[in-house]
């Protein structure tokens, strides 16, 4: 009888605390969304109604889509793989028939799929209900947008995967994780749309993979780029994905060599 | 003389919200501690035993100032634990078996220095006392190791040393020997016995291990579902519940049943390659039984089985 | 006599922590760089916006940088001292707070010193540099009141942000898994504080002036320094009241903290 009480208590606590965590996350996410919309709208108003082809409505859409995609695209690096390197369990993973990189990629996509309705959708709804979002002009924005988002998540994964592999060389990657997060923020369009950057900086940033994992999906999903332009973006995303995955495999190969050499 | 710890109808309840049906949620009150009355005098060594969830840790939390009672009173060293937490902390030392009080990534030596400073012990006295504890617990070689790299046994010895730096009047240990190997356990017990003999520190110890009780405590409190079901000496408890510990020895080859004084042979497996001996902790010790067995035949491996708390409690109830 | 050695405990702990952090040289350098980078990265947002428009909330880039630097300096100083309160949910879940309660020191003091992070000074340093550069380039009359404001604003700002950290800390005992809620007013204030308050919509402006006084940590005092008027509901003279806002924030903080501890020790039922 006692055991059931304990079980029930535990189960319920887990369920309700999970809800509480989600609620807290949505609230904080929304607060930041409101501040960002406020900031960018003020700038656009001062500019006379438009900056870099963003109207106030469109920039609001940009902000809320960004807030919604924060969790799925996971700019903050998880350290699951690095932790397994630290404990040595990675050797078990490497000996399995499942490919390490592809396996984690699928897991990450699953994580994103799970996280999106819980942490992604609510802020979007908050934005839609309060400030109002601009809908895309064509229905094609949705399927293309989802494809772009998936590619964005995958590009992010490919980068996070490589960062985790640093653990093979220096065990404690927290410093790199922190630095990564701080640096890519502006570079992927987290604070301000990349399109608003000064011409020269914009040219440099677009050569990097970062805007293609965050800014690009937002552009496609919001309908800022449509149809052929959207496909153009998607092709670039796909190209970056391939490059980063291949790079990742090369790093992984060197890492496993190191493991063998160390007799791990 | 004033008791150093006094419980008076001590109680602690928790409110648990459970799902009852689809949407309704009913409140259930779980009494973790349900009216315990007892006093511990200075210098005593008391063992506090009970099944998991019987209320042991909750009681410890209340007497150390971490948790407020929901009923009754508790006084520790003359203080009301929660409101006078900080003053109480100077007089008691606490060791939580499953949680560390040491600084995880600093060397052990640093933890001692910091605690000595926190307890406002003058540098020279602190150095002497640390030296004494380090010597008594065999920590000399480990002083410069970060705590996270210590084994469980080493860490527990460190925790005990840390809890004793300020020479507390009362030492409270919450499951200190859990997960320790035999040698570490014995080392810890030996040290605590010596410390008590020298300083008269009052000892309150919760444990599942009868060996701890046997070695360290003169008095035993048995708690079940938040209530005290026994308060007396180990001898009386042993008599009442026919307390028996079982030593299981593995021999190199099949052997005929061995005879040991003051212990009864209660079983043999694998043709006598494994034999079990039951003995009462008040009549003899595991060490003596083992010595007798070893004098007759070499022992390859051994295990000690403790009497299940549930059995003890059940027997106590059935006798009441 | 006894009180003299209370600080020895804290001092010894902080000393040990610092030594242990410096021992891991590369990690420390990286983390400090990151800390410093945060400040610079956040400034790029202002820079990009002011690349597109001549004034933002009525301020040009140098003026906006003054606001930014004052807020950043205040926040990073508060972060160095009180940033550790963020770890309360983790400690709660690992059951490590009890170990702190059996020591003869106040819980807050222990949390602050328990894992003090040297690297957070990196951000404060960068903020200071930005402030110096901005003040050197902005058009301002160096009157005594301006000097007073430049010196005291980061200090009162630190007290306000510190108070918000402490409110968050106290609330963590109630929220536990919902701890992220506190980020909204702690880090939200940090963000809002760096901005010209006039760009915040009215409800946000009210929230971040009178509930979590972020605009008082930099914007209002900056208006006084730059001799500019404030927007609706945020007049410049509020900048003189920074000490009062700091006091009220700490009042709230002590209430929240006390409630939090009572909750943790079960006195709240």
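Observations on the model:
Read from first to last, the chains carry the letters A, B and C; within each, the first residue is number 1.
In the analysis below, contacts are C-beta pairs under 8 Å (C-beta built on N, C-alpha and C of every residue); 3 or more make two chains touch, one makes a residue touch a chain.
Quick caveat: nothing in here was measured; it's all calculated off a predicted structure.
Closest to the protein's overall CA centre, chain by chain, comes C. Ranked by separation of Cα centres from subunit C, the top chain is B.
Among all pairs of chains, A-C has the largest number of C-beta pairs in contact.
Centre to centre, using the average C-alpha position, subunit B and subunit C are separated by 45 Å. Between the CA-based centres of subunit A and subunit B the separation comes to 50 Å, rounded to the whole angstrom. One finds 27 Å separating the Cα centroids of subunit A and subunit C.
Among the residues of subunit A, none is found touching two or more other chains.
On subunit C, the positions that touch subunit B within their shared complex are 2, 5-6, 8-9, 11-13, 16-17, 20, 94-96, 98-99, 101-106, 265-267, 269. Those residues of subunit A lying in contact with subunit C across their complex are 17-18, 20-21, 23-25, 27-28, 31-32, 34-35, 38-43, 46-47, 51-52, 170, 172, 174-176, 178-179, 182-183, 185-186, 191-192, 196-198.
Subunit C makes touch with subunit A in their complex at residues 24, 26-27, 29-31, 33-34, 37-38, 41-42, 44-45, 48-49, 51-57, 175-181, 183-185, 188, 191-192, 195, 198-201, 204. Remark: subunit B residues 12, 15, 61, 64-68, 70, 82, 85-87, 89-90, 92, 94, 96, 98-101, 103, 105-106, 110, 113-115, 117-120 touch subunit C in the complex.
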